[in-house]
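Okay, so chain A shows up in both of these, paired with chain B first and chain C after.
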Partner chain A sequence: MTTPLLQVKNLKTWYPIRRGVLSRTVGHVHAVDGVSLEVHPGETLGIVGESGCGKTTLVRTIMGLEHPTAGEVHLGGTRLWPQRHRDTLPLRRRMQMVFQDPYSSLNPRMTILDILTEGLLDHGLIRPRERQSNAVRLLAEVGMEPSVLHRYPHEFSGGQRQRISIARAMALRPELVICDEAVSALDVSVRAQVLNLLLDLRASHNLAYLFIAHDLGVIRHIAHRVAVMYLGVVVETGPAADLLKAPVHPYTRALISAIPAPYREARNRIALSGDVPSAARPPVGCRFHTRCPFAQDRCAASHPPLSPVGPQEGLHSVACFRAQELTGKPTVNSPNN
Partner chain B sequence: MNEKGTSLWATAWQQLRRRRMICSCLWVLGAFLVLALYGEILHQWYRFKDQTPPYQRVDLQKRYIPPSVFRHPLAPSPDGALPGLATVACRLANHPLGTDNLGRDVLQRTIQGARIAFLVGVVTSLIAIPIGVVLGCVAGYFGRWVDDLVVWLYTTVACMPGLLFVLAIAMVVGKGLMGIYLGIGLTTWVGLCRLVRAEVMKHRERAYVMAARSLGFSSGRIVFRHILPNVFHIIIITFSLRFPAAIGTEVFMSFLGIGVQGEPSWGVMVSNARLRLWQGVWWEMTAVTVVIVVVVLAFNLVGDALRDALDPRLKSQE
Partner chain C sequence: MKPSNPPQQTDPTPQPDTPILSLRNLCVEFHTDDGTVSAVEDVSLDVRRGETLGIVGESGCGKSVTAMSLLRLIPSPPGRITSGSAMFAGQDLLALPSERLRQVRGRKIAMIFQEPSAALSPLLRVGDQMVEVLTTHLNVSRDDAGRIAVDWLSKVGIPAPQERMMAYPFQLSGGMIQRVMIAMALMLEPDLVIADEPTTALDVTIQAQILDLLRAMKKRDTALILITHDMGVVWEMCDRVIVMYASRIVEQAPRDDLFHSPCHPYTRALLDSLLSMNEAGGRLTVIEGQVPSPLAYPAGCRFAARCSMAADRCRTESPAALGVGHGHDSACFFAKTLRATPLQRRNTSP
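Our next item is the complex of A and B:
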């Protein structure tokens, strides 16, 4: 296999909880608690999980917007952290990010021309008089008219702004684009257009995406591989088609059974009871055992490692002690019926 | 879609221009600026020629002349004929606002006062606003110990009673304009610093700042190129509101006698006129007070309108 473009090893991002007059650290929020993943050139890794499971913190840490507590991030074979941020700047150019909220992700006081070309100028990739032509090229890539160059972000709709955000991310010619819920805030029709734009860009530039979404339909459409996160850890990862068709981990099953199925007969939904435990005090053992319908004593005792399952050895892995028993069982089977 | 977009600044300006009241206030402020400039030129000219300027020249023959309108400008000439238009104009133009106890022209002194007021407003802003903005930006963006330090600093400054602090600084530096500049400038940055800090903290978490960080920009560039334009409306509003406050403080300090020395400022004039008021010499006090009220009112109205036009929080509620 090729060397991975992005390699994350056992990454942890904890936020200290401070209390009292002297603001002593009384504990940590384990937002990301030991995540390992790889993204290969041209590949799209989708990350799914419910709100608060650490998806956004994970990608922000990879991007260098948060300080990791432990672990390693390698980009193109070079370790990014804990090297000084400034030393890795040329490398970081290869990785860019598109944000969720199209209304706050563009500086309201800058024209589109400035927004698109500031990065290029700052990195010394173009000269000031080449700004116009470069901005026009970038706009063309995301399917926008060159006439918008001197306008301001507040004059555009959400979908257009997201296109501009994508153009800004594409400006430095990255190999990896991290999309943090990039289409979640958009209308369904616009969402499809932006998704197709992302697919086109992937095809024409051999881009890799790290794609966060809570909409599994979107993930199915765009991702090659999927990683499912729960409470700061990856519980299941595998090829998108396999994982979505035959999920193994009980949490993934619950997630997938929650997709509305309009034309099929009502299925057995796996309705999880209870809330997500606090990330400040995550459960001992398997993170999911407090809500898991299949939980046993050993689940509460120790944390199951990610181990491969299924026929394609090494592609599909699950962090569950009972993975072998659960593999092959139909998705819809919940233990209650 | 037209080629040229409208920036938020342009929108705010259009919004201001639609209000007639604000337009007239802007004209008043323009006149104030022109008068102040005229006063400065006059001041420099007489300093260059090393002469006593006319507004300082004592002429005891001309004491207590009331404003020209009250000197019967339409009275018949000595030969009994009706005065011609030229004669009336001549009479009106001669000490139009009267003279004070030393025979100095009130109008000219008021114009000189405008010059001092303008200088005080601008110079104290040039001292206070950079301090407030830089400290506020740095504290808001970097947080941690930098923030603690700045908060400690401005809390300490804010603890001291304002006017006493101003007076203390003025005493140390010495009487005169420099004392006023430093006194007001070094004490009035706290409010702006707080506002800017809070606003920068809010913007620091916005996605556009995250995007700028992802693009690898330096902190300085992010703070001053990306965040500062978004908090700039606060600076403009603060400027328009602190300008009249600075003028007021100058008047007060000069009134107390530790302010402007040997130059006609509005405070000096008020202090002077107060002594003659009981003799029925009302015109000096009236002239100064009316001018101060008009200028301060214009500044406040424009400041409020600017806040309405520039503050994005109010914009959505229209």
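Our next item is the complex of A and C:
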């Protein structure tokens, strides 16, 4: 087993809730509440979950854009936090990010040349006179013409902007690229083009991706492994093909069955009632028990740990007390017991 | 040309098939600093009672402008409906005086928008906004209106509806607000509901709940025009589908027909791209190139530049809608060839 490129151990990111004239902290939003995961070189880990499940806070904390409340983030074997930002700068170069909205993630006042070479200059990797040649090389990698160098972001379509964002992320020759819903805002025909580009880059640079998406079709296509998050915790993780074909955790089942898929005949949808509870007061016990069709008394009493299921020990893990009895059961809406 | 045939179809079922809304030859222009763009060109469609008609297409294809134009909701200027008629209950919505149109809007035709939070006033309580709608359109007292509103909030699955009446929109989640919007749309029992990407801003488990509500509404014989870019939603919800590309309708067909034997290369490429998604790891089938800018639409078929079948003729001549049977029309010169070759369903892993 190779050493993981990225290792996250029991990471927690809480936001204080302040009230009153003295801004006293009256509670915390448990955005990320004890997440552990690993990404190996060249591997793609997909993270799925609905809004508010903490997936964006998780990757922002990994990137150092938020301060963790507890836990550890290791990149290439070195701990990122709580070192001083300056000391980890050379390390951070190895990890870059592509954001969801290609309209707000590119500075409208910078030319494409500036956008692509700012990081290279900041890290002292090139001299100013080498900007042009480096930018042209990056554009070629994402399939764009050198003629766009002196243009501004507003002159490009969403798909082209996302290519520019990817070229910017590739500038520092990272080993890990974090994609936060990087293709969600794109139209179907353009989305396929950008996904193909990400697959090509992965193959040619042995890139690892931490890939957040709510579209399970996209995840199935690009991810090797998947982690499913609900209210700040990982409820299920495993190889993408297994997990999406035979989900075990009741939440994963509900999530997969809720996605409208073309050509699917009469599905047995697990209807979830109600909304996701507030992360400021997450339910005691299993966080999903308030909406779970399989919940029992013990689910409200304590939090089930992630435990392995299935034949390949250690690959597929589920945080559910009833995981063993649910494994292998078809994805149907069965009543309690 | 054959000599004029006598009308063959003597359909015994009398009227249920007459469309509730009949849009003909709608054209909409927008005046921008860069010139006049045509957002919708020659769009015609029919919706029947209890039917769900899907309009799909990528951003900028004109699907939302079509829907907004039906209720004359496009901002004018810069927008302008240059031609067309929309017959609804014997009157042309596009020619109706605004006073009369206001009685139709909301009352007979309701609209559900993509951004529900932008469609409600942030300064008024949810209940007050609902009561205002009810007292404006129905001859009811405020107290009765309040009761009707509470009743509808509980019908769309909002817990503690009495308390929610007092809430301001910002106090509700996106799914809740969309439910309020649906309650507001349905409480006047309209004949037609136009939903423009009603679930795009929502999470999938909430989306499933909202789609269930819309499906239940269909059972009451309400017609629904559903605008979406999600082929999965189309598959689950729609009876008939219109596909738009670059301001024009390129194909329209019953759902199964469209998904199994698409007769326009654009629809085919979209579905192909979706299906290739099921094969993990492999390269996705893509539609090369980009949607043309509405400022510089090419002559001929607008999809020609991205089409693998395009011939010289496609670049000079605009293909008209061609019927290929079973209410299936395609604006492609090769529609008949495509009809003969149904879409190959790929082997999804067993």
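Throughout what follows, the second predicted complex is superposed on the first by the 332 of 337 C-alpha atoms of A that agree within 3 Å, B and C clash if a C-alpha of one lies under 4 Å from a C-alpha of the other, contacts with A are read in each partner's own complex, and residues count from 1 in each chain.
Following the convention adopted for this analysis, a residue touches a chain if its C-beta (ideal position, glycine included) is under 8 Å from a C-beta of that chain, and two chains touch if they have at least 3 such contacts.
Bear in mind the structure is a predicted one, so any value in this text is a computation, not a measurement.
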Using the superposition on chain A, decide if chain B and chain C clash or fit.
fit
A:T111 contacts which: chain B (first), chain C (second), both, neither?
first
Chain A as apex of chain B and chain C, Cα-centre angle in degrees (nearest 10)
80
Is A:G159 contacted by the first partner chain B, the second partner chain C, both or neither?
second
Scan A:G217 for contacts with chain B and chain C and give back first, second, both or neither.
second
In the overlaid three-chain picture, which partner chain does A:V190 touch, first (chain B) or second (chain C), both, or neither?
second
Tell me the contact category for A:I17 with respect to chain B and chain C: first, second, both or neither.
neither
In the overlaid three-chain picture, which partner chain does A:F99 touch, first (chain B) or second (chain C), both, or neither?
first
I want to verify one number: the closest Cα approach of chain B to chain C after the superposition, in Å.
8
For chain A, give the residues common to its interface with chain B and its interface with chain C.
none
Given the complex, residues on chain A that touch chain C span 50-51, 157, 159, 187-190, 192-193, 195-196, 199, 214, 217-218, 220-221, 240-241, 245, 254-255, 258-264, 269, 271-276
Seen from chain A, its contact residues with chain B in the complex are 60, 63-65, 89, 92-93, 96-97, 99-101, 104-112, 118-119, 122-123, 145, 147-148, 150-152, 154-155, 165, 168-169, 172
Residue ranges of chain B in contact with chain A within the complex:
1, 3-8, 206-208, 210-217, 221, 226, 229-230, 232, 312
Tell me, which parts of chain C touch chain A in their complex?
58-59, 157, 159, 173, 175-176, 203-209, 211-212, 229-237, 259, 269-271, 273-274, 276-281, 283-288, 290-291, 345, 349
